[in-house]
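When the chains are written out, they are named A, B, C, D, E and F in that same order, and each has its own residue count from 1.
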Amino acid sequence: MHELNRPFPWQDRPQGSTEIIWRYSQNPIIQRDLLPTSNSIFNSAVVPFGDGYAGVFRCDDRRRRMLLHAGFSADGLHWNIDHAPIRFQCDIPEIADFEQGYDPRVVWIDDRYYITWCNIYHGPTIGVAWTNDFKTFHQLENALLPYNRNGVLFPRKINGRFALLSRPSDRGHTPFGDIFYSESPDLCYWGKHRHVMSPLPDSWQSTKIGAGPAPIETPHGWLLIYHGVLTSCNGFVYSFGAALLDKDEPWKIKHRAAPYLMSPQTLYELVGDVPSVVFPCAALLDEPTGRLAIYYGCADTVTAVAFAYLDDLIAFAGQNP
Amino acid sequence: MHELNRPFPWQDRPQGSTEIIWRYSQNPIIQRDLLPTSNSIFNSAVVPFGDGYAGVFRCDDRRRRMLLHAGFSADGLHWNIDHAPIRFQCDIPEIADFEQGYDPRVVWIDDRYYITWCNIYHGPTIGVAWTNDFKTFHQLENALLPYNRNGVLFPRKINGRFALLSRPSDRGHTPFGDIFYSESPDLCYWGKHRHVMSPLPDSWQSTKIGAGPAPIETPHGWLLIYHGVLTSCNGFVYSFGAALLDKDEPWKIKHRAAPYLMSPQTLYELVGDVPSVVFPCAALLDEPTGRLAIYYGCADTVTAVAFAYLDDLIAFAGQNP
Amino acid sequence: MHELNRPFPWQDRPQGSTEIIWRYSQNPIIQRDLLPTSNSIFNSAVVPFGDGYAGVFRCDDRRRRMLLHAGFSADGLHWNIDHAPIRFQCDIPEIADFEQGYDPRVVWIDDRYYITWCNIYHGPTIGVAWTNDFKTFHQLENALLPYNRNGVLFPRKINGRFALLSRPSDRGHTPFGDIFYSESPDLCYWGKHRHVMSPLPDSWQSTKIGAGPAPIETPHGWLLIYHGVLTSCNGFVYSFGAALLDKDEPWKIKHRAAPYLMSPQTLYELVGDVPSVVFPCAALLDEPTGRLAIYYGCADTVTAVAFAYLDDLIAFAGQNP
Amino acid sequence: MHELNRPFPWQDRPQGSTEIIWRYSQNPIIQRDLLPTSNSIFNSAVVPFGDGYAGVFRCDDRRRRMLLHAGFSADGLHWNIDHAPIRFQCDIPEIADFEQGYDPRVVWIDDRYYITWCNIYHGPTIGVAWTNDFKTFHQLENALLPYNRNGVLFPRKINGRFALLSRPSDRGHTPFGDIFYSESPDLCYWGKHRHVMSPLPDSWQSTKIGAGPAPIETPHGWLLIYHGVLTSCNGFVYSFGAALLDKDEPWKIKHRAAPYLMSPQTLYELVGDVPSVVFPCAALLDEPTGRLAIYYGCADTVTAVAFAYLDDLIAFAGQNP
Amino acid sequence: MHELNRPFPWQDRPQGSTEIIWRYSQNPIIQRDLLPTSNSIFNSAVVPFGDGYAGVFRCDDRRRRMLLHAGFSADGLHWNIDHAPIRFQCDIPEIADFEQGYDPRVVWIDDRYYITWCNIYHGPTIGVAWTNDFKTFHQLENALLPYNRNGVLFPRKINGRFALLSRPSDRGHTPFGDIFYSESPDLCYWGKHRHVMSPLPDSWQSTKIGAGPAPIETPHGWLLIYHGVLTSCNGFVYSFGAALLDKDEPWKIKHRAAPYLMSPQTLYELVGDVPSVVFPCAALLDEPTGRLAIYYGCADTVTAVAFAYLDDLIAFAGQNP
Amino acid sequence: MHELNRPFPWQDRPQGSTEIIWRYSQNPIIQRDLLPTSNSIFNSAVVPFGDGYAGVFRCDDRRRRMLLHAGFSADGLHWNIDHAPIRFQCDIPEIADFEQGYDPRVVWIDDRYYITWCNIYHGPTIGVAWTNDFKTFHQLENALLPYNRNGVLFPRKINGRFALLSRPSDRGHTPFGDIFYSESPDLCYWGKHRHVMSPLPDSWQSTKIGAGPAPIETPHGWLLIYHGVLTSCNGFVYSFGAALLDKDEPWKIKHRAAPYLMSPQTLYELVGDVPSVVFPCAALLDEPTGRLAIYYGCADTVTAVAFAYLDDLIAFAGQNP
C-alpha cells in the first residue's frame, strides 16, 4: 500500500522538546462543523489510499446521532468528508438496517479494506464491513454479541485466522473494561477468546482500557496503542499508552508502559462535548523513516494528529515497567 | 407592548453564515460579577418595558444562594441590575418566606407582567407573582406541588384559562423530565393536566426537556423553544431546540425539529460553574421584521444573546422530522 | 351510612394483651390467589355499603399488571371480588385509556363514593372517580401532575372545598416522600398546596411517609393513620403510625406519635412479593362503640385486618411526643 | 434416550386444581445440606441416563464458592450427589484452571451429553464440556466472550449447526438482559448472532430474562421455558414463563405468554440465601404421555420439581397474548 | 470471674450431628417484644456476673431508636432486661448527651467491665464505658473518630496497652469494611493503627467483615469469631467465621478459616427486620470443659445462642486454609 | 522563623478592585510539566525556610501515581522541585513502604517542620513526618485510622498537646465530609475527638468541607481557611472560605463566613484534570504588614497563589453571618 510519492503527514519534533510524542501545531485538523450538519467529528480512522489517504469518520449530527462518513485527503491533514453518511450494502435482513455506529477503525488485510466499528444492534457490538473504494461498503455479520466496543482487527491473519481485539462492555457508560482477543477462520464465526489485559489500579488506566489503532507489527511484537480511562470526581479522563504483544500469541503481553503516552492537556482536548478525552483510532507509518502519525479524537468534538517515531514508541513500551 | 421607538437588540447574521441562529459577537452580555456580591448571573428573563426593557435575573450570590433580581436596560444589551434581590409581597403566611428561587420567566398577560420561577417550598416548585413596575412584586400561590421546575406561562389565556407548561422533577439533579400542560381559571387552582412531550432516545434531548421562553404565537401554532439534556459520561449537556404546538390544544405537538438549534460550543458556554449549558429563558420579537433575540444562560455562569428570524425558526421546527 | 344492623368486623383484644392494636387471628382475610388470575390482592379500600360492605381492591394479575377490582362482603371479613377489573367510564380522551392503577382509597362525600388511586398517566399520579353502586365508575380528571402517589381525600369538604393529601414522588421506588395538602372547589382544579409533614430521621419513618385510610374526624382533630418507610441494608420496611391534624387547617399537625402503631412482624407481613410491608388503606369505624377495623396490605401479597379503639388511637397519637 | 422401564418422576395434579403447573408435594427434593460441605444446592440440570437419571448440580460450598457436582438418581426424585466437585479435563492452558461455575444445563446432542454453564474466566461467560458417563468431563473452548450467562444449547443441530441461547450480562447483579441466539459449525467458533427477545416493561419479566431448560421441540415450534426478573423496592423477584420459537429460525418468536407460569409463593421459594427465586434449569419429558417434570432452584438454596403437561404449556404459551 | 457453681448455658450436640457449631433447640432465647416498648432485641453482649450473668442489650424501641439496656440472668438463657435504657454518667460535655447506640460488647479487664458500642456522635463511632454493677455506667471518651463500627476490646492489655479491633466505615450501610487494630496507654488516646484483615473476594465474607465477641485467648493465639457479609442481588447476607491472631502482635493472622462457621439458615435468622443475619457479639467459655456458648443476633430482630467446643473452633480456624 | 530580609511573595491589590482576595497576575506559578515526569503539580504546601522558602509538593507522575516532592524557592514564586520524590525514613515496618501520598501540609512546631498528608495505608489516612532540612524526612505513625483526608496540624501545641484537624472520609470520591478535631500528647496516640463543623446545605460548601492551610493564630482566634465542595449536575466544585475558631477550644466556631472567599473562575481553575477546583494548602504571613500569600491547587493540575490582608480575612470571617 505504501507509495513513495504519497506525502506523509508530518511535523518535526519541536526544538528543545524531549517528548516522545508531540502534537501538530495546527491541531485540530478537523473542526466540529466541517460538515453543514455535523455536531462533531472525532474518533476516526484513516489509511493510505491511492496516492493519498482515505478514512472513515465518526460524524455526530445535530440530532446527536452517531454516523459514519467516508473522507479523502491528499496529504493526510486536509480532509474532504462526504456529506452523506455511509450506507452499507448488506444482505442479512436482521442487521441490514444500520441504526447508529461510531469509533471506526480501518485496516487493509490481503486484498481489501476492512472496517470495524461500534455498531448498534440491540446494544453496542462490533460491526464489520469491507470496501475497496470507500464508496461502496459491504456489511458482514456482527463479529460478536452485544455489549462490546472498540473492536480492532490485526492487519494480517495470525496463524491463518483473522484476529480481533475487543472490549466487552455493558449498555451505558461502562465503568469497567478489559481487552480480549478472539479469532475467526472466516470473519463470520469467532472463538478461542483470550484475555489480554486489564486496567491497572491507581493509574491513568484504572477504570477501563480499549485498543486504539490497528496494532503495528514490529520486530519486537505487535505495538498496541490503547486508550485508558481514569475516573476523577468529575467524570472520566481518557488518555492513551502503549504495549507490546507477542507476535504469534498476541494475547500475551511482552511489555506494557506504566506512564501514559498522551493525556488531555490542550484546550481542544480538555474542553468540548466530553471534556478531557484523547482517543486514538488510527496510525500511519512511514516505514522507511519510522515516522508515525497518530490520529485521535479530542473531547469527543474534533480530530487531531500527533507525531512520533516508531522506535521511540517501542522503547517507551519496553522500558517503562 | 411594542413601541416603535424602542431599540431592538440585534446584530445581522454574519456574512457567509447559513446558520439559522447566530450568537452576538459581544457575548456574554452579562458577566458573572456584574453585581458586587454575585457569583453568576444567568437563566434570566427579559421583556419590553416602557421605552426599553426590564427583566428578572437569576443572580446566585457568593454563598451560592439562588436569588432573583430585577433589572433594566435601554437597548436590551446593556443591563443595570438591582443590587438588592426582589422581596415579594405575599399575604399567604405558609409561603411568604421566600427562601431561594431560580430560572425565572416573565410574560405579559392582559394587564400585567407575570413572573414564574422555580421556587423552593419544601423542594422546588413553580412560584407565581405579578408586577407592573418591576419594583413591587406580588406573590401568589405556588401553581403546583413540588417537585417541579421550568414553569412557563403562555402569553395569553387559552380557551379562557391561564395555561402553563411545567416539568415535573424530583429533588436533585433530576435524570428524567417530560413537559406537561396545565390550565387554571384563576392562577390559584390548576388542573386538566396533559402530557406534551418526552425526551427522545439517542439524541441531544435524551435525558430531559423543559420549556424555555414563553411560547410565541404564530399562524402555524405556538413556537416553543425548549432545552434538552443529554447525559455524556462526564455529565449533562444542555442544548436547545424548537417545536410547534397546536394553537388551541397546545399539548398536541404539530412539529418537532430533530436537530438542536444551538448546543454549547463557545468557551463561555462550555466552561463555567456547570460546563456545557445553553439555557434559553426569554425571547424578544420585533414583530414588524420578524427578528428574534433569544436570551440564554451559559454554563450556569453568564448571560448571552443570540439572534434569528421567526420565520426561519418556524421552518426549522416544521421541516426537520 | 351507618346502619345498626350491619355486622361490624371485630375480634376482641386478646386476653392479657396491652397492645393498642391487635391483628385478626384469621389473617390474612384475603389470600393472594382468591381470583383465578390474581398474583396478589392487597393495599385495598373498603367502605360500608348497603347492609354490608363494598371495596376497591388492588389485584395484581399474573403478568404483574396492577389492576383495580370491585368487591363485596356481608361481614367485612369474607369477600367476593369481581373477576373482571373495573372499567372506568371516562369522556376525557387523553386519560380514558386506563393503563394500570394501584393502592386505591374510597370515601363517601356528600352523595357518592369517591375513589382515588395511583393512576399511571405518563407516570404515577392521582386518579379520581366516583360511583354509587360499585358497578359503574365515572373517572374524572387526574387531580395532580405526575409523579405522585397515595392521594387520599378527606371524607368531607373543608372550608367548602374538597381536600386531598398526597405524596409527591418520582418515577421509581422513590427514596423520599413528604405528605402535602391541596384543595379544590370542583375536583378538577387543585391549588393552595401546603406541606403537612416530613419523614423523621433515625426512626421507622425515616425514608418516606404517605397517608393511609381517609382521615377520621374526631373532637381532637383529624386522626391520620399513615405509613412510614425505613431503609434497612436489605431494602425498605413499611410500618404505620398515627397523627392528629388540625380540623380546619389540616396541614397543621397537632400531635404525631413517635412510635409506630404496627410494624411487619408476622410471617405474612414479613414474607411475600415485597418483604416487610404493612400498608393501611382503609379503616371502618363503629361510631357507637368506637371500635375500629383497619385494613392493610401485607408484603404486597395479601390483605389483613387489625383492630383498635378510636380513643386509644387518639391517646396514642396525642401522648407520644 | 427414552427407556420404557425408567420410572418417570411424577405426581398427578392435585384434585380440584386448575393450575397448569403444580409443585411436588414433597418439595424441596434436594436440601441445602445434602453434602457435608454444601451451603446450598440449586439451579441444576438433570437428564435421562442409563436406566435412571444423571445430572450436574450447582453446589455452593460453605466458603460460598460456586462449584459443579455430578449426581445420579433412580427415580429423578431422590438424588446421590458426588461429594467431590467435577474436575474438567481440558487441554487449553488458558482456560484449564476451573475457578468457579454455576447454573449448569445438560443436553444430549447426537452422541454425547453437552454441559453448558456460567464459567468464570475473567468474568462470567459460557463454559462448554461433554461427557458420556458423568464421571469424566471434557472441557472445550468457552463459547463466547465475557460477560454472559444462561447459555443453553438446543438439543439438536439447526440447519446443520449447533445453536445456543445466551444472555449477555455485565459483571455484577446485571440489571438488564435480553436473550440472544448464536450458532456454530464446530462448538468452537460462534457467530450469526440474533436477538431473540427482551424484557417486557411493567410485568414479571421487566428487568431481565434468560433461557431455562433446553428448548423442547414440539410440532408448534420450540417450547422455551425461561426465567424473568422484576425489580421490587426490595430487590429482584425471579419467576418463569413460556414462549414458542420458530423451528428453523429460533430467534423468531411465534408466541409468548404474558402471565408467568410460576412465581415464588411457597416458603422455600420466598425465603433462603436469595429470597424470591424460582429458577428452572431442566425439564424431563415423558413423550408417550406428554408429562413434564421441571426442575428449578428455589431461593438460591434448594432444588424443587414441578409438573405439567406439555400440551398445556404449548396452549399456555400460545393463547396468552 | 469463673465460679464453679454458676450454671453454664449448654445443650449437647444433637445426636448424629457432625457440625462444629449447633443451635440451641429453644432459640431464639430473647423474643423481639420481651420489653413492652421493644421492637427488637439482638446483637447483644453477655458476661459472667456474680453467680449468674449480666449483659448489655441492643433494644430498638418502636420509634426504631437504637438503645442499650442492661440485663441479668441466672442461667444465661432466661433474661430479665431493664425496662429503662442505660443512662451513662459522663463528665465530658461534648459527648455526654447519649443519642443512640448499638451492637455492644462487654469485656472484663483488670478490675472492671468495659463496654464498647457503636455510638452516634456526628456519625457512628466507638463509645467506651465501664461498670462494676451493670447499674451505673461511666462513659469515657469515644475511642476513635467517626465513622467506625464494631469496636471490640481484647480481654487484657497487650504489651501493656489496651487493644482494640474496629471496622472503619462510612455513614450508611457501608459496602466495604476491613478489621483494624489500635492500641492505647489509657483508653483515651489511641494509635499504632494496624491493618488486620480484609474481606475475601467470591466468598461469604466478600463485602465487609467485623469482629464479633471479644477475642478468646488460647495457646494457639487469639481466637477471633467475626462476621462477614456477602452482597447478593437481594441485599446483604451476614454469616460468621473464625480466625487465629498472633498472641503478641494480634494484627498478624496465623490462621483464617475459609468456610463460614454459621450462616443464616433457620426461619428466625432468615426472616425479620433485616433478613439473613447471624451476628455474634459475645461468647461464654466454660474453661474446665472447653464448652462455648456463642450469643448472636438474628435478622436484627431476636437473640439466639449456639454451642461449640473451643478446641473444635481452634481446629476449624487452623485447618481450613 | 521570620527573617526580615526574606523577600515576601506579593503583588498589590489591582487598582479599582475591592476584592478581599486577588489572584497573582502571573498565575499559575507552577506549571503541570515543571518536572520531566510530572503530569501535574498542585495542592502543595510551602513554609519559610532559611533565607527563602521550602515546600512539599504533590506531583502526580504520568502513571498518575500521587507522589510528594520537596522544593525550594528564593522568592516564593519561582520554584525548584526535586526530580526524585521524597523517600521517608521509617522504622515501623508495617507502614514503611510508602505507596502513594497527596495534599501535603507543612507546619513548624517547637523545633522542626512537621508534614502531614493523605497517606495510602489500606486506604487514605493521615501520614505524619518531620524534617529539618527538607532533605531527610522521618515518618512517624499514621495519626488516625483510615479513611481520612485533609489532616492539618495547628502550628503550636494547644493545652500542651498537638492538635489536628481532619476530615473522616470513605474510600472513593467521598460525597460527605465534616471537619473534626483531635489531640495528642506525643503525635503517636490521638483522642478527645471533637466535631468542629459540617457542610452547610444549599451553599458553595454543601457536600463536604476540609481544612486548608495550617490555622493562623490571631487575637480573634484561629483563622481557618478551608475548602468546601458543591455538587453540581456535572460534578464537584471546590471553592474556599474562612472561619474563626476559639483559641483554646478550637472545635468551637466563633465566626464562619457564609460567602466563599474564592471560587474557580479563571481558565486554569476551571479547566484541567479535574475541572473547577481551587484548593488551598498553605498560607504565608508577613507579620509586620499583615500581608498573606495563599497557595492553592487549580483544577488538580497546576499551582497558583493569591493575596490578601490578614485583617481583611478576619473581618470577612467575622462579619458574614
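In the analysis below, a contact is a pair of C-beta atoms (placed from the backbone, for glycine too) under 8 Å apart; a residue touches a chain by one contact, two chains touch by 3 or more.
Keep in mind that what you see is a predicted model, and the values were worked out from it rather than measured.
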item	value
Required minimum of steps from chain A to chain C, each step between chains that touch	2
Far-end chain from chain B, centres as C-alpha averages	E
Most distant chain from chain A by Cα centroid	C
Classification of the chain C:chain E interface as same or different, half of numbers criterion	different
Inter-centroid spacing, chain F versus chain B (mean Cα positions, whole Å)	41
Rounded Å distance between chain B and chain E, as computed from the means of their C-alpha atoms	59
Of all residues in chain B, the ones touching two or more other chains	234-235, 271, 275-276
Every chain pair meeting the contact rule	A-B, A-D, A-F, B-C, B-F, C-D, C-E, D-E, E-F
Chain D-touching residues of chain A, taken from the complex the two chains share	94, 121-123, 125, 141-148, 166, 168, 170-171, 174, 176, 178, 180, 182, 184-185, 188-195, 198, 251
In the complex, chain F residues that touch chain A	32, 36-37, 39, 61-65, 100, 173, 234-236, 271-276, 300
Chain A-facing residues of chain B, complex	18, 202-204, 206, 230, 232-235, 237, 258-260, 263, 265, 267, 270-271, 275-276
